[in-house]
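One chain, chain A, appears in both complexes that follow, with chain B as partner in the first and chain C in the second.
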Partner chain A sequence: MTRYVIRRLLLAIPTLLGVFTIIFILAYLMPGDPVRAVMGESYRRADPATIERVRERLGLNDPWFVQYGRFLGRLVRGDLGTSYVLDQPVAEVISYRFPRTLQLMAGAMVAALLIGLPAGILAAERQYTWVDHTLMFFALVGVAMPVFWQGILAKMFLTQDTYGIALFPVAGYGDGALIYMVLPSLVLGTHLSATIARITRSSMLEVKPQPYMVTAVAKGLHRWRVVLVHQLKNALIPVVTVVGLDVGYLLGGSVVTETIFNWPGLGRAVVTAINRRDTPVILGTLVFGALIFVTVNLVVDLVYALINPRIRYE
Partner chain B sequence: MSDPKERIPVQNILVQQARTSQGDELSGPANAARFWRTFRRHRLGLVGLVIVGTMVLAAVGAPYLAPADPLAQDILRARLQPPSAAHPLGTDELGRDLLSRLIYGARISLTIGLLAEGTALLIGSVIGALAGFLGGRVDDLLMRITEIFMAIPSLLFLIAVVAILEPNVVTIALALGVIGWPSEARVMRSQVLAVKNLEYVTAAHALGLRPYQVLLRHILPNALSPMIVVGTLGIAGAILTEATLSFLGLGIQQPIPSWGTMVYTGQNYIFTAWWYAVFPGLAIMLTVLGFNFVGDALRDALDPNRVTQRT
Partner chain C sequence: MAGSVNRRHAQGAPHLHACPRGRSAALLVACSLLLFALTFAPARAAGDFRYPIAADPEHLNPFRSTTVATRTVLIQVYEPLVTFDPQTGGLKPELAERWEVSEDGLTYTFHLRKGVRFHQVPGVVYDDPEVTAEDWIWSFEMFLSGDTAISEHPEYLEAVKGARAFTAGEADRVEGVRALDPYTLEVTLEEPNHRFLFDLINVYVVPREAYEQLGSRFSQVPVGTGPFLFHEWLRDDHITLVKNPDYWEPGLPKLDSITYVNVPDATTQLFQYRQDALHVLLDFPTGQVAALRQEFADEYVEIPGLNLRYLGFKWTSGPFKDNRALRLAVAHALDQETIWNVLMEGARFPAHQGVLPPAMPAADVEGYRYDPELARQYLAEAGYPNGQGLEPITYYYFASAAAEPYHAAIQAMLAEVGIPIVLRSEDNTTYWTRVGDDDVHLFLSGWSADFLDPSEVFNYLFYQGRDDTNYSNPEVDALIARATAITDDAERNALYRQIHQMILEDVPMVPLSYSKVMALVKPYVKDFFLSPAGAYRVPMKYVALER
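Take a look at the complex of A and B:
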């Protein structure tokens, strides 16, 4: 197992290097003069010679490969630059904002598992009945429904009395009050819960004809004990993979959900940054997002190897 | 020691053999009839076909179908009107007819979906085919590159791109294609790997065909069906991502009637004019569902060895 872990870790390095290279290219192409950003107000009054000196000092006159090396060096040290607008290191912005996003993602994941797993199990148990058909219809709709539209519908019908009932607050963080988290979590988690329901169903059905299932039934165990212990445990492997793969989707979805519900997370920070042309924040978030994605995939692979020993010996 | 990636389950090879021995399954009247028979049995596939057909019709015939000019404003008399006989889906904050804007919006979504997926298919096919066909170091390198592109969150990438380039139909579609090809490449690679060591390919080599001839004439046709399926699903994904970007106000800009942009503006009126954000969102969802259904049905209908499931 240790060898497998080390190999996987080493394989992540070239991937990250490639990702950083693409982001460097984007950064290189970004409009806006970094000198102006660094000098702030004094830029307008400064004479060309001064601007040139600052430019030289920032290393903007160096050839691209020197800049590229410096860019990678800064990333390795965790330096993502300084926000043009907030006058604050991007790393600080992220470390302040990301826990909120993580909170939302965790809420979404809990909601998705609470809805998706029972739905999938029930659909498999009642295969080809109206229960199965209804659940799978909702799962299909849930997969195709755009997050933003769903967020708007939820807001429309569940936060005000005009068209629906005012069950939840319209938007905001509410100092961390749980009630503020419910709607955004449900909205962000719908896609995942629909996916989980579908995968759980098909995975449960695949496990069903296995010999050990027959044994469990023959032993005279209670039906639900067979389903929940023997069948579900073995059906969970693909579910774990899907949850892992969907983290990328959750990251993208959190940008939308946070914008709709005014949630003070990283996603909303990015959208604000675009409107203010705050390049370092955009790029820093991109780096951070990719880093998370690679890490999550790594963790999923490792968990997978832990559940299924055959993978380790590939 | 054989490369683990090239080890293919025996039954897969048998399936591929059975398939390729039947020749190109898309040609010939008998195969076309069989294809349609299987497709027809897929009820959701038919629903999808109707949705996609409607959308194509709307996009192509927009000038004839739209009851009004999608850009014509009437702020004084028709601002935020609820659905009525004159405006079946109501009007927006500038008095523009929503139904007309939705019909014209189909053009935007369809263009972006096709252009983005076309780009992704082109890049993905070339990279996947080369990786699978050449194998070895080239394969390793190309698959590493594929992983890199998979690791970049596509929405954040698009956000960075629109910070550099002006967001319009072409730039957004191309950016979507540039970030969206990895799954296409993977499918193509697996298809090439599945047949490249079969006897008929060896025979083609032995007959003295050049490698590129073997690849183009004897290996790639085999990948056609799965690529059609991936492409159909990819169109849905591209349409959805563009709508999301536009919903954030970062995609297609007003007054161009993009569905996502309409929801973006409509969200300001969700407590006063429900129709404004609801109908464009519904259009997006139905379109995505439609393409997904068609993709699923094609998957069943194009695979002669798959037992059709009732849905």
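Take a look at the complex of A and C:
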């Protein structure tokens, strides 16, 4: 197990180096002059000497390989740089916003599990009945419908008396009030809940004919116990894989969800940074995202062993 | 077959039956949700004004304020020597009680208001919090710093004697600024400059103690003398300012606090306005302007603004270079009434005059009228009868204008007279980087003047090739420089009218429209004075909530 973890961690180094290089190249090749974005509306009023001084201060006059070397050198020292426009270190930008993104992702995950698992179990139990068809229809819609569209619909019908019922606030963080979290979590979690429902259903159906299931029923166990303990536990491995992989999706989806619901998380910071060509923030947050993704994948692989003791790492 | 096997298994397997308590569970969930909504919704204070901002400020550093979002907040926290009168739009004293100008127009003597104190905030200790002339001298020097990490706005004070030398690091003090006594500040200019007082509107007094003691937090925690104190900033969500209890103007501010709510999307802003979560609506969703004006007839306010939208021609390259007739053909082919009053539902004024927004002096000159026949004549004169031989021209525009529905109409109007157009939109930063390039020949652009003076347009769009059109006419350059130094209003405005005519003769651009500053304001909001420069300039100290 320890050797496996060490091997995986060592393998992560070239993966991350490749990711960092690609991220840097993409950010470098992005069209648009960062100085123009940094100086905002005052660019057109500024005299050329001021513009040149800003460019020099940001190190943009250096050739690309010098900038790349600086970027890697800082990464090695654990320094993500300083934002061009926010007057803040990138690490501060991330540490300030990531907990809020995590909060949203956790909300989405809870919503997805609360909706997806029961739906999948119920659909499997009522296979080929109207319950199954209805649930799988909504699961299909949930998988197919883009996040931004769900967001718009949710805002129209669940926040406005004019079009529906004003149950929730339109947008914002609301000083952390839980009510503000409901709609963004539901919207972000819809795709995952639909995926979980579909995977749970098919996995439950695969497990159902297994001999130990027949034994459990024959022993006269309560049907809840049979389904939730014997069947569900054995059906969970593909579900855990999907949930693990979808953490990456949630991180990506949070960019859109946060923008739609004005949620002050990391996703929105990335969008704003891209619009402002704030390269240090773009690079820093993407590097951070890549680290998270690699870590989560490793954790998911390790969790398999906990769910299924037959799995051994060599 | 597989289906039937599965079905057989399904029949033999244990089933989950509908829970008899399902209905009560659903009811319980619904009740909990309602309770949850009531319990966890944050309470709003009665004297708190909820003000939408479309973008989160980058920082709150007054020396480096670069965007509308930053300024929106800063002008409530920091104060200049002079400011705009919210009702007349003219200049009025702020932290200077009064001022005198020497006869030669070179020396300004500002008599400072006594008893003005810097904000008391945690982490900042003053020897004496009262504002004196020395504080102004330090603030001037900070604005004029040549280090862009400190200031990006030396241009506000570049007219001051010795300012350029100080910015270039050739002098350790600004020659033209001195304190005659603690409450008298004397500023001497290099040469007379009628813009100087207007430029001072953006120059605030900043406490040296706050800058030094807050260190890197200074950009996040503004400390000034204004009617509101900084309270908190949750980035990308809201900024809260609270009433300054020691404010120098008796009875002001009237509000207890202002919460700047970050709402980038106009539709969301509208939803929140409907929910009473905002007290004003400043961004109208495209395509809903007319409907909202009708629905909220009693809450709708508008005043003419200072933004010009124009179609720029590249003066130094491409088909428009040295081809005035082709530029005129474009100018006369555009039906501005249809574009702005029909397609844009009256969201802006069609530009029937020249390049100056109508509220400015010297603005009342005749613009280019819509006349397709005349446009065709000019096109023939340009060497392209009925457009023959004219290659398609790319019309370049920016993403934030892309949602506006008139680009295809402009393309069709130009095609109607024989000018083929290809539309191309870019995200804002790419657009602003590319638009100055030689291969961009026709572009949509805009300019926002800060105050009601023609120099705000002429000095930036038509002086020494500064604009992306690269327009430069040595005669016009000389007259603009001359006008800047004239302190007599009538004489200067007569010269500006002449300059305006000359520019329209040259046709470096087609003025398309002038902005309207529009807002929906809740009926119980009093004294919300819109400013021609934009809603961001509303002096919030006068605003009251009278429910």
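The rule we apply is simple: the second predicted complex is superposed on the first by the 263 of 314 C-alpha atoms of A that agree within 3 Å, B and C clash if a C-alpha of one lies under 4 Å from a C-alpha of the other, contacts with A are read in each partner's own complex, and residues count from 1 in each chain.
In the analysis below, contacts are C-beta pairs under 8 Å (C-beta built on N, C-alpha and C of every residue); 3 or more make two chains touch, one makes a residue touch a chain.
As the structure is a prediction and not an experimental result, all values here were calculated from the model.
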item: Chain B versus chain C as contact partner of A:13, first or second or both or neither; value: neither
item: Touched partner set for A:217, first chain B, second chain C, both or neither; value: second
item: Partner chain in contact with A:155 - chain B first, chain C second, else both or neither; value: both
item: Partner chain in contact with A:177 - chain B first, chain C second, else both or neither; value: second
item: Touching partner for A:227 - first (chain B), second (chain C), both, neither; value: second
item: Partner chain(s) touched by A:165 [first = chain B, second = chain C, both, neither]; value: neither
item: First (chain B), second (chain C), both or neither touched by A:1; value: neither
item: Which of chain B and chain C A:29 touches, first, second, both or neither; value: first
item: Greater chain A contact set [chain C / chain B]; value: C
item: Chain B versus chain C as contact partner of A:299, first or second or both or neither; value: neither
item: Interface residues of chain A shared between complexes with chain B and chain C; value: 31, 155, 160, 162, 259-260, 275, 277
item: Residues of chain A defined as touching chain C within the complex; value: 31-34, 36-47, 50, 53-54, 57, 85-88, 96-97, 121-122, 125-128, 155, 159-162, 166-175, 177-179, 205, 208-209, 213, 217, 223-224, 226-227, 259-260, 262-265, 268-269, 272, 275-277
item: Complex contact set, residues of chain B against chain A; value: 4, 44, 144-145, 147-149, 151-157, 159-164, 236, 240, 243-244, 247-250, 260, 263, 266-267, 270-272, 274, 277-278, 281-282, 284-285, 288-289, 292
item: In the complex with chain B, residue positions of chain A that touch it; value: 14-16, 18-19, 22-23, 26, 29-31, 140-141, 143-149, 152-153, 155-156, 160, 162-163, 248, 251-252, 255-256, 259-260, 270-271, 274-275, 277, 279, 282-283, 285-286, 289-290, 293-294, 297, 314
item: Touch list for chain C against partner chain A, complex; value: 3, 6-7, 9-10, 13-16, 33, 36-37, 40-42, 55-56, 58-59, 61, 64, 66-68, 146-149, 152-155, 158, 216, 219-220, 234-238, 261-265, 268, 271-272, 274-275, 277, 426-430, 432-434, 447-448, 460, 466-467
